[in-house]
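Going by the order they are written in, the chains are A, B, C and D; count residues from 1 in each one.
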Amino acid sequence: MSQSRPLDVALIGAGRIGQVHAKSISANPSCRLAAVADVIVDAAGKLAAQYGAAARSVDEILADASIDALLIASSTDTHSDLIERGTAAGKAVLCEKPVDLSLERALACQRKVAGKPVMIGFNRRFDPNFAALKAAVEAGEVGKPELLSITSFDPAPPPVAYVKVSGGLFRDMMIHDFDMACWLMGGAPAKVAAAGSSLVDPEIGAAGDVDTAAVTLTWADGRLAVIKNSRRAGYGYDQRVELLGSKGLLSARNVLENTVEKITADGASSAKPVYFFLERYMRAYEAEWSAFIDAVRAGSDFPVTLRDGVAALACAEAATRSAGSGETVALTPEMLGS
Amino acid sequence: MSQSRPLDVALIGAGRIGQVHAKSISANPSCRLAAVADVIVDAAGKLAAQYGAAARSVDEILADASIDALLIASSTDTHSDLIERGTAAGKAVLCEKPVDLSLERALACQRKVAGKPVMIGFNRRFDPNFAALKAAVEAGEVGKPELLSITSFDPAPPPVAYVKVSGGLFRDMMIHDFDMACWLMGGAPAKVAAAGSSLVDPEIGAAGDVDTAAVTLTWADGRLAVIKNSRRAGYGYDQRVELLGSKGLLSARNVLENTVEKITADGASSAKPVYFFLERYMRAYEAEWSAFIDAVRAGSDFPVTLRDGVAALACAEAATRSAGSGETVALTPEMLGS
Amino acid sequence: MSQSRPLDVALIGAGRIGQVHAKSISANPSCRLAAVADVIVDAAGKLAAQYGAAARSVDEILADASIDALLIASSTDTHSDLIERGTAAGKAVLCEKPVDLSLERALACQRKVAGKPVMIGFNRRFDPNFAALKAAVEAGEVGKPELLSITSFDPAPPPVAYVKVSGGLFRDMMIHDFDMACWLMGGAPAKVAAAGSSLVDPEIGAAGDVDTAAVTLTWADGRLAVIKNSRRAGYGYDQRVELLGSKGLLSARNVLENTVEKITADGASSAKPVYFFLERYMRAYEAEWSAFIDAVRAGSDFPVTLRDGVAALACAEAATRSAGSGETVALTPEMLGS
Amino acid sequence: MSQSRPLDVALIGAGRIGQVHAKSISANPSCRLAAVADVIVDAAGKLAAQYGAAARSVDEILADASIDALLIASSTDTHSDLIERGTAAGKAVLCEKPVDLSLERALACQRKVAGKPVMIGFNRRFDPNFAALKAAVEAGEVGKPELLSITSFDPAPPPVAYVKVSGGLFRDMMIHDFDMACWLMGGAPAKVAAAGSSLVDPEIGAAGDVDTAAVTLTWADGRLAVIKNSRRAGYGYDQRVELLGSKGLLSARNVLENTVEKITADGASSAKPVYFFLERYMRAYEAEWSAFIDAVRAGSDFPVTLRDGVAALACAEAATRSAGSGETVALTPEMLGS
């Protein structure tokens, strides 16, 4: 693949997250947004026009040899197919999480595209705060990791209609935290134990999902991680990580709206965490995209692989089963595709 | 019981925690330390002399009608017996946690002394920070509690000889956190799921115990709590609580050695948490003792009951079983003595 | 001036701060960078090429009726002349601080361009943290302002060659803080008392300047402000504001490099403040430029006026004299051009 | 003086601060409170009774050879006389600040008791936070001190009747901060420049005093300190120190009521600083008294001397004059008694 000219990129999916990615693509001088596709043709047209790109069908994009890379930001049920078709057409692929709602389908995809250039969009790894924490872990600043804790609360629950097609909290929301845990602890856990409840919105419970959950992961060597999720923090986007190692504790606190503090007779007050993922992770999306483009141009390995996407999904699958049965569920080699 | 003169108190147990209590007793103007007993007679004598009290045997103390109250700080295996004998002798009793290592024995004790004045020494409830958090919960400042998180790390593991007789991490160390969870969430949970590992000291694992653990509690109405324990934080005593409610988040941070901060080219630094329980909880022990004495003098209910001691022990029993089997364990009415 | 098409902007000055402004101009969809001028023709050419603008002389720019606005980022000794020539040519002007090193020259400029559209580039007013603090002051959240404190430390001193032509610390560096003080307290002070020393670099002292200074401002109604400056903080860019009002205290803390914290047996550590003004104030420069463009298009008043630039310079003039004499210096109406 | 038995102490002054000291004296096992004197005989009697001491006149105390030490906590106008009479009677003396409202009288006292055992009660040096900051300075953790900043706000102004006899804010309140500055910077400054206003209570202004003030101190080698005082912070006792050195910044933050934090849709909130000096400095008073007793018993130098008391008073004298004239006032050797 040519390294001397900007890469031509096609974006598949012009919804909310597609718009976020369009911004990152256009801000990166090493590539240009050439085409946008969406099942809603008007949406593709509007987004394409905004960035001087062409609105095209997926078939046209795959058939066009001048398109170097695909960014797949369409609905989850299209991910596996598009990964397979895109790589078959010789394109480098960055696909949004999750790979699929079905672990089996994701595993089949993994087998099919083995060796092809596919990166999965776990954006949090590229947040500067989490990246700094990971660097400190790698540098051994707190010794050997022993007990990880991830807090991940959304500000407000999604519509129940979304919940019904989401695959459930563990596959839709906690999937990010499973990836963070695997990334920070260095590989997939051996066991998953989950507890979940519907406390925020009874309709979420009626739809068979949970909105509040706690999951414990155990690695083969006994190391532990705890993940807490809630669909409704009320005060904003609560995204924290804390890792106890043999020599100390590392933590990444929330990003606040500003640094102003006030003290009066009523008490001391300060700003809330930024409201949601766009405010918190815009820089992470940009860094994620840069990492993808840089790896494509250099022909080097991607920092997040399809295997990582499968591992997070296997954790989600195990957590979903554990939350139902109350039993700890082992992650088998088959579930991890290894 | 007379309310006009200071109460005469006998302290049973002159070890480390007994010495802490002797200080609290002598600092409280509503009582005086009259007698000290210990199986090591010299230890009793030395501590008694320090506070102008008499060193006496347990039998002498129980037979002495002028002793109003007992503070039981002897070894755990004596707690149930002394609670029963002390209340039978007409004395008000404050007994250190846990009630017993055996849930059955504790339940038998509970049945035997029903209606008698017994308080259990869960000192953390009296820490000013946790008390302020509890008050905010009660005032509804974050709405309905939904997801509690307790972090409780010791600075360094105890000797393995101690571990072997301790009853295990869940009964010996996490018992405090089980009580905190029951207290903050308003009653005992319905289910307990535990995971534990020996990561800190292989000898602890060889002794059949764990030194790092994560436990999830689920209440009958679906509310959740997560407790994390480690025997070795390295940097001091890490004692934090965080509660997500329907309207927001409450947290109690660590108490630091001082308020000094430094920023240089090497980074920003500040003081560590205070080192261990004496530094952190001395004020809590004093407040605990005051609450006991005030209730005895007023004839009012104790803020921590034997039932609370049993509930925490039942959680510990369930956690121990769950950590072994990998299955979630239900807390039955029988386990709670109700 | 047309409000329906993007404004054509000429940038005068292609040095470090000019490059910062070029970025802001090009990021703003309501304007476009049409021309760049610099006494170093190659520098103008390079910067112009980067943004698709033309490199032109100042004379050409002023003669070109299609240029709507000037951003003056050339050396300080050219500011007054360019403000006068630019406004005479019918252009809206945003000029970097200070207006001039000479208060007399700045006052003459102010008289000459009275009523013309000139904004001075005090970027800190547009920092989101300081803006949030100002909004809280305006909302009366801490009552009536009484005692303001501004801490403003650079990470490292500039070269002595720069110091020699800078006009001195009070005109070159503290000018920002004088503007912040006038802005937050609502107008210029009545009196200025300054103390300054050369502690960081003896060559700065040999050049007749100070590198460490403390200034007290007193308003006519007795309200007070204290400004502290150092040319060398070592740990980064220390930019804090603290305001005591009749009902409480507002403060704006530093912006840190990341949110990661670490605790080990050696202590707790966290990230440093971001290193210098580009890291700290890039968003402020963008917001400043947006405010300028929005006001030009709307025909509304600028948020920072030439009068504000003169007031800050008058404070700097008074501080320079006070630091020399040890006497408090009054700000006369003549010094403020009012 | 005997080192083998507890020292017999007489407390002169049974008012608010005398009561604080009585507590410290009685808590220290190396001394006992033998006598209390007060011009209000009932007050002396009541306090003496509380601690099992005798209420006696000053004359009786001075004539009693069994009294080893005096703690002078009577009104300021009696300090110098009592220091002179106490030392003449062979007693070790700890005297509350200030030595006197008159610098001349304090200097005369200093000459008269030269070589005698007199310690001045600047309690803040014994605050564990400030002591930790001082230790870090001494250890060179931020290099050479360059720019000190002290913030010292009371929660609420005293009655005007008190203000009228107080000697004014500089002698009564800022005297503590002058001592802190001399202590942290290593000796008295060369110059003092002060600005003060009456913003809090017009009656304070009508009484000729200020309630809000900013003072700049300059040492002979150019190092600087800024002190800010307000009689009314509203939110509690604001007591902070910040020191910029050649290698970084040290700061001591406030002590808060508790460690609880809350985040809701309305923002994040936390506890206020503790309300006033008793809450903040009780441990400092105890440590101050211990340091005095330890030095008396060891025959070693006191950590705070009469010379220190005079230096702080000289700063207050200079500040009072500077605030009146607007001119910087030099501290002469005569003013420092050296």
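Everything below uses one rule, namely that a contact is a pair of C-beta atoms (placed from the backbone, for glycine too) under 8 Å apart; a residue touches a chain by one contact, two chains touch by 3 or more.
Labels paired with UniProt names: A, B, C, D = Inositol 2-dehydrogenase.
Please read all numbers here as calculations on a predicted model, not as lab measurements.
Between B-C and C-D, more contacting C-beta pairs join the chains of C-D.
On a Cα centroid basis, the chain most remote from chain D (Inositol 2-dehydrogenase) in this structure is A. Distance from the chain B (Inositol 2-dehydrogenase) centre to the chain C (Inositol 2-dehydrogenase) centre is 58 Å, each centre being the mean of its Cα atoms.
Chain geometry summary: the mean Cα position of chain C (Inositol 2-dehydrogenase) and that of chain D (Inositol 2-dehydrogenase) are 41 Å apart.
Residues of chain A (Inositol 2-dehydrogenase) in contact with two or more other chains: 234-235, 247-249, 263-265, 271. Residue ranges of chain C (Inositol 2-dehydrogenase) in contact with chain B (Inositol 2-dehydrogenase), taken from their complex: 234-236, 256, 263-265, 267-273. Chain contact summary for the complex, chain B (Inositol 2-dehydrogenase) toward chain A (Inositol 2-dehydrogenase): residues 146-147, 149, 151, 153, 191, 193, 195, 197-200, 212-214, 216, 218, 222-224, 226, 228, 230, 232-235, 238, 244, 246-249, 326-328. For chain A (Inositol 2-dehydrogenase) in complex with chain C (Inositol 2-dehydrogenase), the touching residues are 128-129, 132-133, 136, 141-142, 247-255, 257-265, 271.
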